[in-house]
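For reference, the structure I am asking about is given below.
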Amino acid sequence: MSRNLLLFAGVGLLFVLTGVFQSWNLALSILLMGLLSSIMALGVNIQWGYAGLFNTGIMGFTALGGLAVVLVSARPVPEGWAAGGSGIVAGLVIGAVSIAVAVQVWKRMPKGMGRNLLVPAILIAGFMVYRWVFDPAVTAVEANNPASAGNIGGLGLPSLLAWPVGGLLAAAAAWAIGKTALGLRSDYLAIATLGVAEIIVAVLKNEDWLARGVKNIIELPRPWPVPYETDLQKSAEFIDWATRWGFDPQGASMIVVKLLYVLLFGLVLLAVIWFSERALHSPWGRMMRAIRDNEVAASAMGKNVTKRHLQIFIIGSAVVGIAGAMMTSMEGQLVPGTYNPLRFTFLIWVMVIVGGSGNNWGSVLGGLLIGWLWLIVESLGPALMGQLTSMMAEGTLKAHLIDAAPHMRLLTLGVILLVVLRFSPRGLMPEK
Amino acid sequence: MDFLNALVVFLNFVFVPGLAYGAQLALGALGVTLIYGILRFSNFAHGDTMAFGTMVTIYATWGLQAAGITFGILPTALLGLPVGIAVTALLVLATDWLVYKFYRKKKAVPTILVMVSLGVMFVMNGIVRLFIGVEEQNFADGERFFISAGDFKAMTGLTEGLAIKTTQGVTVVTALIVVAWLFWFLQKTRTGKSMRAFSDNEDLALLSGINPDRVVQVTWIIAAALATIAGVLYGLDKSFKPFTYFQLLLPIFAAAIVGGLGNPIGAIAGGFVIAFSEVTVTYAWKKVLTYVLPESIMPDSLVQLMTTDYKFAVSFSILILVLLFMPTGLFKGKSV
Amino acid sequence: MAEPFLIGEAMTGGYGAADILHGCTIAVEKGEIAVIVGPNGAGKSTAMKAVFGMLNLRQGHVKLAGEDITGLSPQDRVAKGMGFVPQTHNIFTSMTVEENLEMGAFIRRDDFSDTMAQVYDLFPILKQKRLQPAGELSGGQRQQVAVGRALMTQPKVLMLDEPTAGVSPIVMDELFDRIIEVARTGISILMVEQNARQALEIADKGYVLVQGANRFTDTGAALLADPEVRRSFLGG
């Protein structure tokens, strides 16, 4: 235990040093990303550490969480909704129903030519009706004030509400993927989730009616109780408080906002850990680990391995979805172009592995440590490269190296992942 | 005449591009499937191996161009290809020695190897970005078309033109040569047969005195060559951008799985299945239909099933269908 | 008496921490057939694998033609003239019969076409099916491919791990006939068999193992005649 405390103290020291030598604002920004990443890492650890499921689509679940924030808390666009909202919903329902009908027909009809013809026929007909209903509705919605809206808008509800909704969206997607890819070779889940993530992000980028695509949604409301910096700076009470303690009101407002976020995210993180730990030490958790350690034996004992895997895959993905929603509501905007698998999928994996797969606290440690490294290198990398190349003659090579410094991150992370997997596969905090 | 025009539009916008893309995917999937068959894991670093090989080839091409050497009407990159293959082969051999060998000796489970390949992917991705950056690079030179649309129209008197880009022709011819060589190698040579034996039954191969290290090395060299060739052909045909190569991983894996992982013939078939599905589903068929349908029932829309932004969804859907209904692929691959 | 051609002497060892073999001795003379029989879990296959070097011996040693080969890997033993046919997964299913034989001869750099012709003489059916994938053959034919593959190195000793497991009685008799033929060419045969009675009938030497140790050792005929062996191991 003392070793683990020491590790956390070490990471804490990194943040303190960042605060002292760089700025507290930067330290807190990094901490916030670290906390969010920790929650995502916990979600992944539930899947990987408890059940050995390899999910490479974390980015997609994060993005779904972001979408939830838009749908729940963005400003409503009544004109857009009136123009085609019902058509879009009807279209989507028709699409879903035709798939469901096709699945049922496939399950119930006897094998043979009839089934082989009927099922594709249902799907094709369903697709055509779907397009017939869906397309005009989309055109109508997107025609509505495209410069500032052009989408169906959100519900205008509080941002906090979007967090569980993000979890639900991610869970629904996980259910669909898990239903098809679980129970096959472990690599197939990895490939399927990789694909789903790309598709989710493609949908966000291209379906303008949904969240304005690459035109982005901005000015999403903040979660309760976080105030806006400008409001704080206008509040006489706050200025009074800041000056009394000798702070500059502008800087203090930024710090206070970030601290409130830290508090909020910290609470969620603790809740997730509490549930995970409870689950891990319950009979259910023991069964999960039994399945992970010996699938054959567990299924021989009558455990439905695929069903358990589906459960855990959904739960883990939901946690990632919640974190994704938290991130978007903190940033106040949904920018589909920023979802990048290296940052949102593979970075999280490095966190889980480095922290210690199977250990929840390890995931948190990994999230904070790797999150710190990732962001600090972004701000320090060019300067460091400048130092390294200061002896070199001015020229294109030097300029190229300094330009390329941000890419060192990938290289470094890859090397860290390989080194940890090779020499310390159980991570910094091994599973007990 | 209308029918011929429709056919030409189809050939020009669907068949020829699909054929070239299919050949590129097939070469990529062959690499994935070989690694899977011999080393028994899904190599997530394959897309970035392609990017690395292409990058080296681009540098070699630039060097050749700077020295005033070109390849006539063909792209100079073809001359740079051997350099790209050699450097990439060295890189993957070094990677195997430094990274994969340890896990092979330990008989690690496939998931761990997949994860290790993720680490390798990171590193390769970093190297590529460090050297050539993230921007798009266009390195095709030589004659742009074998047949241009204008020439074709003049030749045939049709309203529609059929253009065959040099890069498309080069892709198909190169792929044919490479595949023919690969099958000759696997079927007829002692080393090729020993690779198949190793893939089929590792223990018995060891018992027969087949040297596993040599099999693994040869596999990596061939995989590096296939990756580089596939990457260069793709880059010539479209353009080179590191992130695109990472994204190619999905259609390539889909191709390999659709064909049956571990089965080379399956990989080729899978490549074309994926490519043609992608092109067919994302092509706007209106232009073809204008020639064959009477005006009265002509649809107003573009008759495009999906926009090109969703081309990944196509490979993904096929992948899911195959996983659901025939998990070992069209041609029987290794176990599920 | 001179030392046998191949002998695993007083072998003790196992796969992990626990020993399976306890001072077990197995030997075979030149051109003779030695058969290992015994109840399930007696360590029959383990004893054979120990002779072939597939597990580490803690005690005892293996000698081939007087040379101590205890430290050699299975691959090196193949080079020394030992052939091994595993019980399962003993052919390359996706490769043709002929390719299977070629792979058997992988370590040979000389021309092995006469050996292949000999194998085809021994198993004429294989010559007929030589271009078919071995995985498409029947169970008995597969076993012939497996034996043929092992013969391609021109071994001095051929070791067979339950060659008749899962084949019909007729095919079993035919396989035993072939094995006798192989032995007549001067190749020693060491074989683990589940079908103890039939195997002892063709055996020059029989070993009855129980719990990793020798219980009875005699000629095949003598063992078959021994009432205690009959009662305990041959079902009366």
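Just so it is clear, A, B and C label the chains in written order, and each chain counts residues from 1 on its own.
Note that a contact is a pair of C-beta atoms (placed from the backbone, for glycine too) under 8 Å apart; a residue touches a chain by one contact, two chains touch by 3 or more.
Just so it is clear, the structure is predicted and the values come from calculations on it, not from any experiment.
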Separate pieces, if any, that appear once chain B is removed in thought: A | C
{"item": "Innermost chain, where centres are averages of C-alpha coordinates", "value": "B"}
{"item": "Most distant chain from chain B, judged by the mean position of its C-alpha atoms", "value": "C"}
{"item": "Distance between chain centroids, defined by C-alpha means - chain A, chain C (Å)", "value": "59"}
{"item": "CA centroid of chain B to CA centroid of chain C, Å", "value": "46"}
{"item": "Approximate Å spacing (C-alpha centroids) for the pair chain A, chain B", "value": "31"}
{"item": "Of chain A, residues touching chain B in the complex", "value": "52, 54, 56, 127, 135, 180-181, 184-188, 190-192, 194-196, 198-199, 202-203, 205-206, 341-342, 346, 349, 353, 403-404, 407-415, 417-418, 421-422, 425"}
{"item": "Touching residues on chain B, where the partner in the complex is chain C", "value": "190, 193-194, 196-197, 200-201, 203-210"}
{"item": "Residues of chain C touching chain B in the complex", "value": "74-75, 78-79, 84, 86, 89-95, 99, 102-104, 106-107, 149, 153"}
{"item": "Contact footprint of chain A on chain B as seen in their complex", "value": "41-42, 44, 99, 102, 109-112, 114-116, 118-127, 129-131, 133-134, 246-247, 249-250, 253-254, 257, 301, 305, 307, 309-310, 312-313, 315-316, 319-320, 323-324, 327, 335-336"}
